[in-house]
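Below, each structure is written out as C-alpha cells.
Shared between the two complexes below is chain A, which pairs with chain B and chain C, respectively.
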Partner chain A sequence: MSLLNNIYNQLRISHKYVNRLFKERSCYISTSPIMRDLMEFFDDKKNWGATEVKTGRSWTKDDLRIKSNTDLHKLWYVLLKEKNMLYTMEHEHNDQVRLFPSPERLDKVLDSMENLEEVVRERNRAYYELETTEIGEQTHKTITGPFGLEIDYYETEHSIPKEVNAQWQKEQNTKCRPEDVKSFLLKYKEKEYLQNKKQQRRNFNHVIGLLNRFPKMDMEALKEQYPDVDIEKAKASRKYKPPLVFD
Partner chain B sequence: MRLTQILYTKIGEWSKKYANLPDRYIKRAMEQVYWRNPKGIQYRPNTVVKRKKFHFTLDRPWSAQFAETNSPGRLHPKVFVEPIKKWSFFRGDRVEVLVGKDKEKQGIVKYIVQERNWILVEGLNCKLTKLDRGGVKIYIQEEQPLLVTDQVALVDPSDLKSTGFEWRYTQSGEQVRVSLRTGRIIPVPASAEETRDYKAKGLYVEQPKDTSEKDLGEVTFEPTLKTFEMEIMDQMGIKEDRIPKKSYWY
Partner chain C sequence: MHYFNSRYPLYQKGNPQLRVFLSNFWMKLIRPEYKQPPNIVQFHCSMEMTKHDIKSYLDKIYNVKCVNVRTRIALGKTREEPGRGYVIKDDDYKIAYVILPKEHKFEFPNLFPESKEKEKEDHDKALDEMKKHHQNYLEKNRDRPGLPGWFSF
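On to the complex of A and B.
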C-alpha cells in the first residue's frame, strides 16, 4: 500500500511539475493580451450567425508610411491573425453550408498586408540604395526564352559561380530547334497581327454603330475612348447612316 | 487592343461608390475563370481563359443576380453605350424627366449604373409589376432606368427649372457644374458621398475592430540608417554575428 501511495505521490508531483512548466512556457509562446487558445482562430461569438459584420477601410500606404518599424511589425501579426481567423470562418461557413457574412473583410485585410509589405520594401530599398547603390531585392531582366519569345528572368541565389555551374549552363542552353522557333514565331506573330487587326475593325464598326445611334454624341469623348479609330473615315463609310435630326 | 477590352468591363466609380467595397472584392466576386495555364514552362505563361464581356443591368456586379445574368454560356445582345467625358449625375441630385409618362416631373436621383449611362429617379418612370408569391398577388411599382444623355436634365436650384449645364473651374481651381441658362452653380449634393457605412465621412461610427482616428494619425516613424529587419532585431535583442557563405546571384 505504501509503495502504491509513493508512486501515486510521485506521479502527482511530476504531473504538477509538468503543469507548472507548461504554464511557464505558454507565457512565452503567446504574447497576445487575451488568451483564448484555439478559439482565436474563430470570430467573436457575437458575430456567429450574423448577416453582416461592419468594418472600416483597409490600411493605405500613406497611413503606414508614418508608422515606425516596430508598429508595422506588430500590425503585420494583427493582420495575419485576422486573416487566419477569416479563412477559418469562411471554411467553417462553407462546411455548414451557410453564407459567410461580409466576405470583403478578407480583401480589406489582404490589401492592408500588401500595402504594409510594400512600405517595408520601400524603406529597405532606400537603405540599400544609399549604402550599396543597389536596391537589395531579387532582380529580373528580359531575356529571349526557349520559344523565341521575350520572358522575364528572375535571378536566383547559387553557391557556385555560373561559369562552373554545369547544370545551370545546361538549363540555359536548352533551346528549341532554330527552324522550329522561326516557324513558330511566324505563326505567333501572324496570329497577334490578325487579332489586332480584328480588334481595330471591331472598334471601327462599333464607332459607326455609335454614330448611327447617337447623332448628338460628344465627339471628344468618342475620340478619347477610341483613340485608334479615324472618325472622318468612319463617317465616309457606307455603313454610316445617321438618323434625321429635326431641331 | 487591351485598353478597349478593359473599358468594356470597367465598373464605373459612381456605381460602386455607395456600396463602399474594396476593388479587390468586386474583381473577385464578378470574375469567371474557366481555365488557367498550368505552372511550368509555357510559351505563354499565366494565360487565363475568363469571361471578358459582361452584360450590365440594374443588379450590382458583385450580386448573385448579376452572376445569374452572366452565367457561363449565357449571351446577350450587344449594347451601345454613348461615351461620356465626365459623369455628372449624382445620388441626391434633383432632375427633370424628359420622356415617358412622367415627362416634365422632377425627382431625386437614387441609383446610378454608370456602365449603361443609367439613373433611377425616385418614384418616377415606374412600371407596375405583379408578383405571385404562393397564391398571394403583390403589385409593386419599380423605377425604370433613364439615360443620362437625353432622357433627364438637371434642375437649376435658383428657379427650379430644367437646364443644360457645363463643367467649369472656379477661381480656387475647383470643378463645378454651371447652369447654362442662369450661370448659377449647381452644387453636388452631400448625399453623393454617402455610402452604406456612413452618411458623411465625419459621421462614421467606429466598429470594435477599427483603429481609432487618433492612433491612425499618430506619427511614430523615425528615420534611422537601418533596414526593417535590422531595427526589429536590435529591438528584440537578437544578435547575428554569423557570416553567410559567399553566394552568387544569376
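On to the complex of A and C.
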C-alpha cells in the first residue's frame, strides 16, 4: 500500500508543479481543458462509419518498465477510457447490425492494461521484498481438499482470529468418508493414467504419420514438439513406410 | 486482475478512506431502449459497481457531474443453441440510469453518417459488379482452359 501512497503523493506534487508552471506561462499557452465529457465514450468523429481504423501496437512490458509511476498511473486511465470507448462502439455496432471496424484495438488495449498491471506489481513486489523480505501479495499454499485432491488455498484477512472463528473451523473440517475418498482417488488416478496413455499413443502414431508424409522433416523440431515420443522407436514400427526418395 | 480484486486490506492503521489507484471498472454508454428525458443517460457497467462508484467514476475520470444514479440488474437472454437443442443463458448485466443536471442535455449520436453509408453502398455495388464479370469470364472459358484472353472476340 505504501508504494501506492507514494504514487498518490507523487501525483499530487506533480499536479502542484504543473499548475505552477502553467501559472507562470499562462500568457503563452491556453490551458482550457478539452471539454468532451460524455462524447469521450465515442470514437473520433472522422472514424464514424469507417470500415477500418489503423492503430499501432500495444504497450509491451519493456516499454512500460522505463516509465515513472506517475506516467503509468496516467496511462492506465487513458487506456481505461479507450476501453470504455471501444466497448461503447462495439455495443452500438452490434445493436445496429454493423461490422465493428478493427476489433483488434480492443485486444491491444486489454493486452496493454495487463502488461501495465504486471509492471506495477513487479515494482510493488520489489519494494516489499526490499523493505520486509516478503512479496507483498496475497499468499497461497497447496492443501488437501475434501476429495483428497490438492487445491490452492488463498489466504485472506479475517476480522477474528481462526481459533475463535467457528465457521471457518467448520469449513476446514468438512471431509468426506475416508473409504469414499480412497475409491474416488483410485478411479480418478486410473482415468488420468488412461488419458495420458491415450495421448501418448496418439502422439506416437501422429509422429509416424508425419515421418511417412515428410521424410526430410527437421528432426530437432519434431523432438521439441513431441518430447515424449521416441523417434527411433517410431521408425522401427511396422507402420513406418517412408516414400522412396530419388535424389 | 486477481490481485486488485481480492486483496484489499480489511483494516489499515488509521482506518483511511478507500482509495482506488488503478480502477478496473468498465462502463459503456448505450442507446436507450425506450424514450427518456433529455438529461438521462443510460450505461451498462461492471456488475460490482455501486451507485456511489458510478457517480465518482463519472465525476473523477470523465468530469461529468451527475445529480442521481439509479441502477438495476437485467436478466441475460436465454436462447437455444442452434442444432444442439440445449438452452444457453447469457450473463446478467447491470444498467445504470445517470441523471444529469436539469439544464444538461445528451442525445445519443448517429454513428453511421449518410455520406459514409452511401460510399459503402457504392463500394459494395462495384464489388458485386466485378464478381459478376469474373463469373461470366469463368463461365465463358470453362470449355477451353489455358487459352489466352485475346484469342476470341
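Just so we're on the same page, the second predicted complex is superposed on the first by the 214 of 247 C-alpha atoms of A that agree within 3 Å, B and C clash if a C-alpha of one lies under 4 Å from a C-alpha of the other, contacts with A are read in each partner's own complex, and residues count from 1 in each chain.
Note that a residue touches a chain if its C-beta (ideal position, glycine included) is under 8 Å from a C-beta of that chain, and two chains touch if they have at least 3 such contacts.
Treat the numbers as computed from the prediction; the structure is a model and nothing was measured.
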item: Clash or fit (per the criteria above) of chain B with chain C on chain A; value: clash
item: First, second, both or neither for A:V120, with chain B first and chain C second; value: both
item: Partner chain(s) touched by A:F41 [first = chain B, second = chain C, both, neither]; value: second
item: A:I66 touches, of chain B and chain C: first, second, both or neither?; value: first
item: Which superposed partner A:Y87 touches (first chain B, second chain C, both, neither); value: second
item: Contacts of A:L210 with chain B and chain C, given as first, second, both or neither; value: first
item: First, second, both or neither for A:T156, with chain B first and chain C second; value: both
item: Partner chain in contact with A:Q199 - chain B first, chain C second, else both or neither; value: first
item: Partner chain(s) touched by A:E224 [first = chain B, second = chain C, both, neither]; value: first
item: Partner with the higher number of touched chain A residues, chain C or chain B; value: B
item: Touched partner set for A:Q96, first chain B, second chain C, both or neither; value: second
item: Stretch of chain B, among 128-136, 182-190 or 218-226, that runs into chain C once the two complexes are superposed; value: 128-136
item: Chain B and chain C contact sites that coincide on chain A, given as residue numbers; value: 73, 120, 156-159
item: Residue ranges of chain A touching chain C (in the complex, touch as defined); value: 1, 4, 7-8, 33, 35, 37-43, 48-51, 73, 76-77, 80-81, 83-84, 87-89, 91-93, 95-96, 98, 113, 116-117, 120-121, 137-138, 154, 156-159
item: Chain B-touching residues of chain A, taken from the complex the two chains share; value: 44, 54-58, 63, 65-73, 82, 103-104, 106-108, 110-111, 120, 123-124, 127-128, 130-131, 136, 139, 145-147, 149, 151, 155-162, 168, 184, 188, 195-196, 199-200, 203, 206, 209-210, 213-214, 216-218, 220-222, 224-226
item: Touch list for chain B against partner chain A, complex; value: 1, 4, 7, 21-22, 24-25, 28-29, 41, 43-45, 80, 82-85, 149-150, 197, 204, 206-211, 216-222, 225-229, 231-232, 235, 245, 247-250
item: Footprint of chain A on chain C - complex, ascending; value: 1-4, 6-7, 9-12, 19, 21-24, 26-31, 41, 44, 61-64, 106, 109, 111-113, 116-117, 120
